[in-house]
Amino acid sequence: MQRIRVGLVGTGFMGRTHSNAFRQAPIFFPGDTAVELAAVCARNAESTARFAQIWGYGSYETDWRRLVERDDIDLIDIATPNHLHAEIALAAAANGKMVSCEKPLGVSLAQSRQMADAVAAAGVASMVWYNYRRIPAVSFAKHMIDSGALGRIFHYRSKFLQDWTISADLPQGGAATWRLDAAAAGSGVTGDLLAHCVDTAMWLNGPITEVCGMTETFIKERTHAESGARQAVTIDDASAFLARFANGSLATFEATRYARGHKAQFTFEINGEHGSLAWDLHDLHRLSYFEHSNDGATRGWRSIHVTDGDHPYMDAWWVPGLQIGYEHSFIHQFADFLRGLETGKSLVPDFEAATHTDAVTDAVLASARTGTWQKTMA
Amino acid sequence: MQRIRVGLVGTGFMGRTHSNAFRQAPIFFPGDTAVELAAVCARNAESTARFAQIWGYGSYETDWRRLVERDDIDLIDIATPNHLHAEIALAAAANGKMVSCEKPLGVSLAQSRQMADAVAAAGVASMVWYNYRRIPAVSFAKHMIDSGALGRIFHYRSKFLQDWTISADLPQGGAATWRLDAAAAGSGVTGDLLAHCVDTAMWLNGPITEVCGMTETFIKERTHAESGARQAVTIDDASAFLARFANGSLATFEATRYARGHKAQFTFEINGEHGSLAWDLHDLHRLSYFEHSNDGATRGWRSIHVTDGDHPYMDAWWVPGLQIGYEHSFIHQFADFLRGLETGKSLVPDFEAATHTDAVTDAVLASARTGTWQKTMA
Amino acid sequence: MQRIRVGLVGTGFMGRTHSNAFRQAPIFFPGDTAVELAAVCARNAESTARFAQIWGYGSYETDWRRLVERDDIDLIDIATPNHLHAEIALAAAANGKMVSCEKPLGVSLAQSRQMADAVAAAGVASMVWYNYRRIPAVSFAKHMIDSGALGRIFHYRSKFLQDWTISADLPQGGAATWRLDAAAAGSGVTGDLLAHCVDTAMWLNGPITEVCGMTETFIKERTHAESGARQAVTIDDASAFLARFANGSLATFEATRYARGHKAQFTFEINGEHGSLAWDLHDLHRLSYFEHSNDGATRGWRSIHVTDGDHPYMDAWWVPGLQIGYEHSFIHQFADFLRGLETGKSLVPDFEAATHTDAVTDAVLASARTGTWQKTMA
Amino acid sequence: MQRIRVGLVGTGFMGRTHSNAFRQAPIFFPGDTAVELAAVCARNAESTARFAQIWGYGSYETDWRRLVERDDIDLIDIATPNHLHAEIALAAAANGKMVSCEKPLGVSLAQSRQMADAVAAAGVASMVWYNYRRIPAVSFAKHMIDSGALGRIFHYRSKFLQDWTISADLPQGGAATWRLDAAAAGSGVTGDLLAHCVDTAMWLNGPITEVCGMTETFIKERTHAESGARQAVTIDDASAFLARFANGSLATFEATRYARGHKAQFTFEINGEHGSLAWDLHDLHRLSYFEHSNDGATRGWRSIHVTDGDHPYMDAWWVPGLQIGYEHSFIHQFADFLRGLETGKSLVPDFEAATHTDAVTDAVLASARTGTWQKTMA
């Protein structure tokens, strides 16, 4: 049995989801690789030490530069705000480490390109945490589409709606609200939420070839969480675009943090000649399916409770009818990453794949700026 | 083309649904019978005259005894409070009129028996307005069950939940609240709501052979709407029972007017070896279907939008996707009544059929009184 | 009591919904106006005579030119394929008749403009059957928005999805499939389905100021239903657009006849600072509402069963919990038209209002052709 | 920080859910107690050793009698078939161990009584894994009911529907199908599924005072999984009962393994004067709430997505909108068990509490046998 020693950078929300995946994957998806939580790194020594103790990391660091240089680390996992992704990843690759990184990969397509080139040059495995692909219902949708169940595809529509930034009193910047600060986040909902929509869409339906986008910033000025200064808001609060896929299908995409009543409503629907599929993150264990070949009078949308042993990943969990949750998508992705290492064939979205998503979100932002249709490099 | 001249007794809620059916059936389900709204009867001359004018009745009466004696009436339709059903029906039959009657037929099984015997003796057609059978989704369920789609039946469950009598300030008796007065209504929810549940159940799943019931009166005393006197409440506010069907399946039934949040939630679900069906009056245009023979991994409950031309009654209405409503069940039933007259073979629940339902509700009340299981005469 | 004598042109699907409205409005919404079904007109004498007999029209014509000249007609109602709207409406107005017309008004903005000018010049009342405004749930949404329940609006999204033209074997042209023939229909889904979306959207959320659209024709060639000739398909099978409203909110719109599994899924959702509303024609009696001021831990989307007496139009129908259907929206609109005549103040979308919708759909088609954003004249 | 050393008996489905809880509780709900997975016990040495290795148990045993005698174990956790619960628990208590046990506690009320007495006599903490109380939506329902949000309670209804034993080819007995063998399971669905319904019901709504039940065995004979012998089936395949609560409310309960289309549909609904709540295990992260005090025209059932930081247990997990799953109920219960140990006040259902549930299920079976209403000792 081989062993992989993980060094995590970042102890926020994503640091926790990744850590849980590192711990649970070997139990629920046992393979030939042992996972060792070697070290965790964040700026505050006390809270990082506490994190290490709770999660079982063998050591901790307060400077990621030290972490990436340690000999006893095989994989650097990046769970920091977006603007730090590139520097850490480049340093890790330069030190011959495998690198896994939260999405979006870089804060721009150019940066992502540089990162993908770096891991390629270093010859190390890479992964971007586009975790939603590994929700069993989404993986099963992929299986059904690839098996031809839908036939020729006509339409794709996807949205990711939240409502947590509606208040004008919310600050920007800082630990809790860095996503509202373009300096830390790169962009607003386009890189944060639409990136998920686009990654899933291209995984399921192939390349997007052209887009036409529109963005808006509803609250024009906010106070910075740390400096207290009033600042212009430069992220996109909302973003929507029309798209065409290489397979001839049409799409609409939308993301916003101003859709009152929605916490994390990531949805997609795909319509094909023989059937349609729809999914909603708010009920992530269900997949809606319309099968046109059913008898005409009894046809209808069917809610598949994706909890059976013959659904993707589900034989590792409980019994039919008992749902799993959000965190499991990370466990599944890391299990797939391990299987990929064991077999020498990547089973997860790597840095190269992530640049395709960035090419689309980049084109969306360019389109919104110019008011013109944009080709993507996808 | 023959002609049927209708005389309606009662101008309340049910007088309106029946009148609408008399008018719409010949348009949407044209056959060989013309329908003439000959006369309407209620106690108040002014409001009855107004009702006649609006709905197009040719004349009006204020004494039902005069109505049932008129030569120019073929069908007496009874839409009065329950305690008047029997007397009017017996007089109508004695005068050789066809009789249609709101449910429940009589206020007791004995009274219903007498009514069924009377129309049989008079040789006149009869009908009881168990309208819910003619909701297209319910009719389609009947079709599927009869065609064997569900196989051997294991379970049936049905309920009818309302919440309109929770307030202790609500009076009983009078025009608006006669249903709370045992003198006018016979019983409470058992005759009012459970009767619908039982009629539909036996239509779909065959005879009920034994029952064990429980009733409750939550508010023990109310003011009479007309006299202003405080009175004991003697109706059942809530009623539930266990049952066994002749086909070996088990059932639970429940009705109440104390289920906060439900206006008219009449539901049924039936579980068979090969599939299941479920329906809810609050979304009456949908039928839920689980088809076990679907591929295992894509199986799920399917919501059939019962609005296509190949669904019962629906080719007479609009186009797929456009729903019809509650009132249409009466239109369908009256259209079926006319078709039955034209062909000489009754297509609707007649008085005899209604006694089977009354036998069950009677047994439920007896069981609740005695705390014992009761056989039905079904 | 005054009287309005109706002359209907067209006996298809819309001829039936209008006729039903003419008959039912005076019964369920009695006012000071009697409605007389004076005449119906269609090309085939036999079937038109039959239609007149069933629906109770006093006479029939086979040439609409004769109908519009008759002295005993007050209102010409147009329920023909789209390309005939303008000619009939202009002739009716010229003869001093009131005119009601199916949507879209004309086959182009220019034609609609001409029609609106004609009724204005003639000083006659006009109406366009944008019936969906009169679904009680939609009317109630309008009431809530106007009362400020949602506060500042951020987002609007709407779609109208169907699947009935997916088969390449479907012909175009002729009585059943004229909607696929640009010569008869003007455009495809943009004028047919998006027009409804846009009319409802601007009624609820105010003017649309700019749009960017995309259209597609998936099946490029079909056989003509009557001539049997192979022809290029020139309608838009699918159409989607981004939009900005005058109030600063953003929108996405989409319509298609290639969304497998959807019969008539017309939906809208509107997100405001204080709340959100969503609606779906497939369950037209329900309105989803998120009220942000509810207690934080118990907040959630609420499904309002729009069947109570204090919901728009519903006190005229049955009792709480009992739903009405599609056809009722026409009854409500015609009742409102009558009320408008009685009070001298139009309560319905008239020809002038309809030109605003046409200005948007026209801009969408222009945008799709040119690949550029277009201002609307709204 | 104190330490609790766990010895688990049983490596099946429940052995896994418990093990996961032992591992995750200290991470997501860190307190003053460290949890050590000391030993696991099952009959097959090889598979037990493998289980120990994967899950991180320090050792393993193949005879539970040895396990309960070990000095280095503080808590014996029982995850075996039902008929072994009592013997192991009694031995553990006799050895001064804390005991946690899968439900139902014993295979009869008498046995459960003996177990409760044993832990009481030994003065050791006990727990029964009625895990569903710790689904956040269910815990939140408890909170709402206790805070008076529903007012006087009128109705409770609950069911647990499955369909996995419909096939007559399914064997009984053995490792996978011991639940069909009365010798191993005690009873059928009454002890397996109704026990959950009853435990949750009495937790939320107080004691049940009387019941009237009905059971059925649909498949009368099966082959034993190990012996291959044809045997009579002596478990109840289906069980339903009427009940009255001490607070005056009425209830219906039902459980079956013959409800085609349902995997694990555990539901409850409770109706009170001021509001109602409903929940379904198939969407365990949602709680339906009807709040009567909402404005009349906008009232409706509200779907609360129980994933916010102010919902029970949820601040320990992710961010709003991201659901957790089934296994988390065990984690929460074990965290509560630890908090109870730390504070000296039990926060979980203990053996004594479980006897109340057994008193009800025992009365249901007695009622079904005798056809009479039965008082419970609750």
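For reference, chains read A, B, C and D in written order, and residue numbers begin at 1 within each chain.
Heads up, the rule we're going with is that a contact is a pair of C-beta atoms (placed from the backbone, for glycine too) under 8 Å apart; a residue touches a chain by one contact, two chains touch by 3 or more.
These numbers were taken from a predicted model, which means no experiment stands behind them.
**Student:** Please state whether A-D or C-D has more C-beta contact pairs across its interface.
**Tutor:** Contact tally favours A-D.
**Student:** Among the chains here, which has the CA centroid at the largest distance from subunit D's centroid?
**Tutor:** Following the centroid criterion, the farthest chain would be C.
**Student:** So, what's the distance in Å between the C-alpha centres of subunit C and subunit A?
**Tutor:** Averaging C-alpha atoms per chain gives centres 42 Å apart.
**Student:** Just curious, how far off is subunit D from subunit C if you go by their C-alpha centres, in Å?
**Tutor:** From the centre of subunit C to the centre of subunit D is 55 Å.
**Student:** Distance from the CA centroid of subunit A to that of subunit D, rounded to the nearest Å?
**Tutor:** 36
**Student:** Among the residues of subunit D, which are close enough to touch at least two other chains?
**Tutor:** 262, 299, 301, 305, 308
**Student:** Report the residues of subunit B in contact with subunit D in the complex, numbered from low to high.
**Tutor:** Going through subunit B, the ones touching subunit D are 150, 154-155, 157, 159, 161, 163, 166, 212-214, 216, 218, 238, 240-242, 244, 248, 250, 252, 254, 256, 258-262, 271-276, 290, 292, 301, 371-373.
**Student:** For the complex, give me every residue of subunit C touching subunit B.
**Tutor:** 13, 16-17, 20, 23, 26-27, 30, 54-55, 162, 164, 262-265, 281-286, 305, 307-308, 317-328
**Student:** Which residues of subunit A touch subunit B in the complex?
**Tutor:** Those in contact with subunit B are residues 140, 144, 289, 291, 294, 296-305, 308, 310-311.
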